[in-house]
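Mind looking over this structure? Questions follow.
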Amino acid sequence: MPYSRSEMAARAAADIPEGWVVNLGIGMPTAIADHVPLEREVIFQSENGVIGMGPAPPPDRVDPWLINAGKQPVTLRPGGCYVHHADSFAMIRGGHIDLCVLGAFEVAENGDLANWATSENDTAPAVGGAMDLGAGAKRLWVLMEHTTKDGRPKLVPSCSYPLTALRAVRRVYTNLGVFDVVPGRGFVVVELAPGVSLEQAQAASAARLHTSA
Amino acid sequence: MINKIVQSLAEAVAGIKDGSTVLIGGFGSVGQPDALIEALIEQGAKDLTCVANNAGSGRTGLARLMELGRVRKIICSFPRSSGSVVFEELYKAGKIELEIVPQGTLAERLRAAGAGIPAFYTATAQGTLLARGKEEREFDGRLYILERALRADVALIEAWEADRWGNLTYRASGRNFNPVMAMAADLTIAQVQHIRELGEIDPERVITPGVYVQRVVRVDRGSPWV
Amino acid sequence: MINKIVQSLAEAVAGIKDGSTVLIGGFGSVGQPDALIEALIEQGAKDLTCVANNAGSGRTGLARLMELGRVRKIICSFPRSSGSVVFEELYKAGKIELEIVPQGTLAERLRAAGAGIPAFYTATAQGTLLARGKEEREFDGRLYILERALRADVALIEAWEADRWGNLTYRASGRNFNPVMAMAADLTIAQVQHIRELGEIDPERVITPGVYVQRVVRVDRGSPWV
Amino acid sequence: MPYSRSEMAARAAADIPEGWVVNLGIGMPTAIADHVPLEREVIFQSENGVIGMGPAPPPDRVDPWLINAGKQPVTLRPGGCYVHHADSFAMIRGGHIDLCVLGAFEVAENGDLANWATSENDTAPAVGGAMDLGAGAKRLWVLMEHTTKDGRPKLVPSCSYPLTALRAVRRVYTNLGVFDVVPGRGFVVVELAPGVSLEQAQAASAARLHTSA
């Protein structure tokens, strides 16, 4: 059985050790934080200058001045703090973010990431902070469905969509499993979701899946 | 006596010229100088280049300014946010120019303008469509692109507290682009929730020194924003 | 539980390697991590490149480290402060290298290192002796020179308060180089006057987020510094 | 009678209007602040991140954490604040300082300033923030004795000492008078100290002194 979205987020969350500074992309990656227990102290950073985000507030305790990069209300943990946008991206660009997890349209076997525009003729693609995070974070993971809604593979030999960052992705979490991007080799299976065979995963991928052996 | 506090929104935006480059603070609805944007709509300046993280949403504020045909060009990182209908219409009709800048590069270009740095190198966007036409250069084995400072005539920002010298504090994620935009414009106008007596703001807590601020106007947003 | 607080100065400076580039915070005697410098003297690392605003004074602290022959090179803006006798002796004897950097360029090179900017242009020093060998380039009719980021292995800094996540506040002019040095090193070690419980420091008042700090040690300077 | 040092500082102080952000160099220029009354609100900035300095504290009220660029104890006025070194020099380099007043070894008639090294072979000259201030401040004034101690002129056709900043000085205050640096023209006498004749001032200058007429 492939992972559900929640299981995918939990699976990625399990790999985040205490003490890491982590930026989670808008959409599915944001849910990863819900699977990191508060007592495992992970510092969630948001591009808009929030460092040390806590869980979403109950509806009656929303502070309208406190949102994350996805514009959702959040809270600040004890030990959290605020910086302005230039300082926030100094932290990102300067390599001080241990991990960034983004969604993707495609990931190539050399680690190229495409997640911001669906064609060169896209009239007005929205890039946000994805290129900064892709180039700046110490580690870039991707969390996404293994294929598009109409079944097209998203693990590819090389990206057909415009790139966000070059040779940047280190690991991919999908509904079918966990895959490392190994320089010179490509996608290497770390594990498959329960009941998913290598053949199934390979059939859903355009790039070759290697096994670590 | 230095007193940067003005008594009306009209006074706050007086003198903004046609053709100006206008920075607009905020990220999402937080720290966005809504009242100043409305005042700019009233004020009438046109042929503007607006710099903001988004390209407006709904049909008010920046979107309204665009709909009125007053914005020639928008420089932003995320034009396609939910409800950016006016921008989409104008852009499809070829009635507005767009420059997309990665969010961190946008912040750094503004900071550079404020800090007297005409240009800097960054790895962000290297090798992508957004690097087209930009100088590429290698330092210590990695490729970077050259980005230019982004200086402006006017910055419209929102802050939490101000005093008559123009010192500003922000609240929570309300900082965002506001402090760097304050540095990057010749005329920085701040909409604030609270006016404090000089010396009342803890000097260790000032985020934007008054040096960067020319005009302050109080706009009480009311509950739940206070 | 994240806990960056260490219990001794020896633990704070443990592992600093020969050949390291070491940033030393402070301006004048303010915000200077005296106890950490003494601990580094004890620790024994040699062949160091030290980056500080001054080249030490008297025969203690950085001057003592130099006198012991442990500093290969000093990068600073103002080597000739009153009482920089050790530096003068060593320099005349050809026993220490010197790189003079304008103070603002020094601060910006450190900030650039922390911010992932490999190089930037500045008008400072253009046309002077300190621009020799540096690329010159015109932007909008003015000449600038290219300056490179200055990254380090270790930063020794002083702050006012810290919590176990390494968040730091400073006191008055004690900020100076400390926050930018904290950003620019792989291992940032802070000597602080006060340890606070997590959450006790006002989040709006944190100047150096703990993200930039690896180790914190409490050093009570005693009156009148408290 | 030429101006005394205190009169020179007072003369320069008289030309600083309310509201300016002013950086005063180490040494003689620092004394200018003493001649600006507190009620004329001038914002004195110091390179080490102090904005809005007030007068020196009485000896029993010195805060050891609060010094100026000359390492002297100072106070902070209500409305003052602190920034770190990179933010302080962003303010300087970015053109946000209305006026900087420095001392000098030499000022050339094209506005070149030499104030940091006395020869190219100077073993270890100390530059501090002078080059940043020279290049970054909106206006640069010089406050200095008209000649060296041994009578050598400091207003020169071109500097013989290594330069601090090129074409930067706008005005010079000396014990003999006040002189503007006018592009294409050189030194123009604004006023002479009481009892000092143009001939005396010219005799003490290597560069030509023009009169505004």
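Chains here go by letter, A, B, C and D, matching the order in which they are written, and residues are numbered from 1 within each.
The working rule: a contact is a pair of C-beta atoms (placed from the backbone, for glycine too) under 8 Å apart; a residue touches a chain by one contact, two chains touch by 3 or more.
Treat the numbers as computed from the prediction; the structure is a model and nothing was measured.
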Problem - Chain pair, A-C or C-D, that carries the greater number of C-beta contacts - result: C-D
Fill in the blank from the handout: Distance in whole angstrom between the CA centres of chain B and chain D is 35
Completion exercise
Rounded to the nearest Å, the gap between Cα centres of chain C and chain D is 28
Exercise for the section: Round to the nearest whole Å and give the separation of the Cα centres of chain A and chain D. Expected result: 54
Handout entry: Residue numbers of chain C (touch at least two other chains)
Key = 108, 111, 115-117, 122-123, 170-172, 204
Completion exercise
Going by residue number, chain D touches two or more other chains at 76, 82-83, 89-90, 92-93, 135-136
Practice task
Could you draw the chains as nodes, link the ones that touch, and say if you get a line, ring, star, complete or other?
Solution key: other
Handout entry: Interface residues, chain B side, partner chain C - complex
Key = 108, 112, 115-123, 139-140, 142, 144, 148, 169-172, 202, 204-205
Handout entry: Residue numbers on chain C that touch chain A, as the complex places them
Key = 1-2, 111, 113-117, 163-165, 167, 183, 198-199, 201, 203-204, 206, 209-212
Exercise for the section: Can you check the complex and tell me which residues of chain A touch chain C? Expected result: 18-19, 21, 39, 41, 43, 45, 51-52, 76-83, 89-96, 136
Exercise for the section: Spell out the part of chain D that touches chain C in their complex, as residue ranges. Expected result: 46-50, 62-68, 71, 76, 82-86, 88-90, 92-93, 117, 120, 123-132, 134-136, 162-166
Handout entry: List of chain B residues in touch with chain A within their complex
Key = 27-31, 55, 77-81, 87-88, 91-92, 98, 100-105, 107-108, 110-111, 122-130, 170-180, 207, 224-225
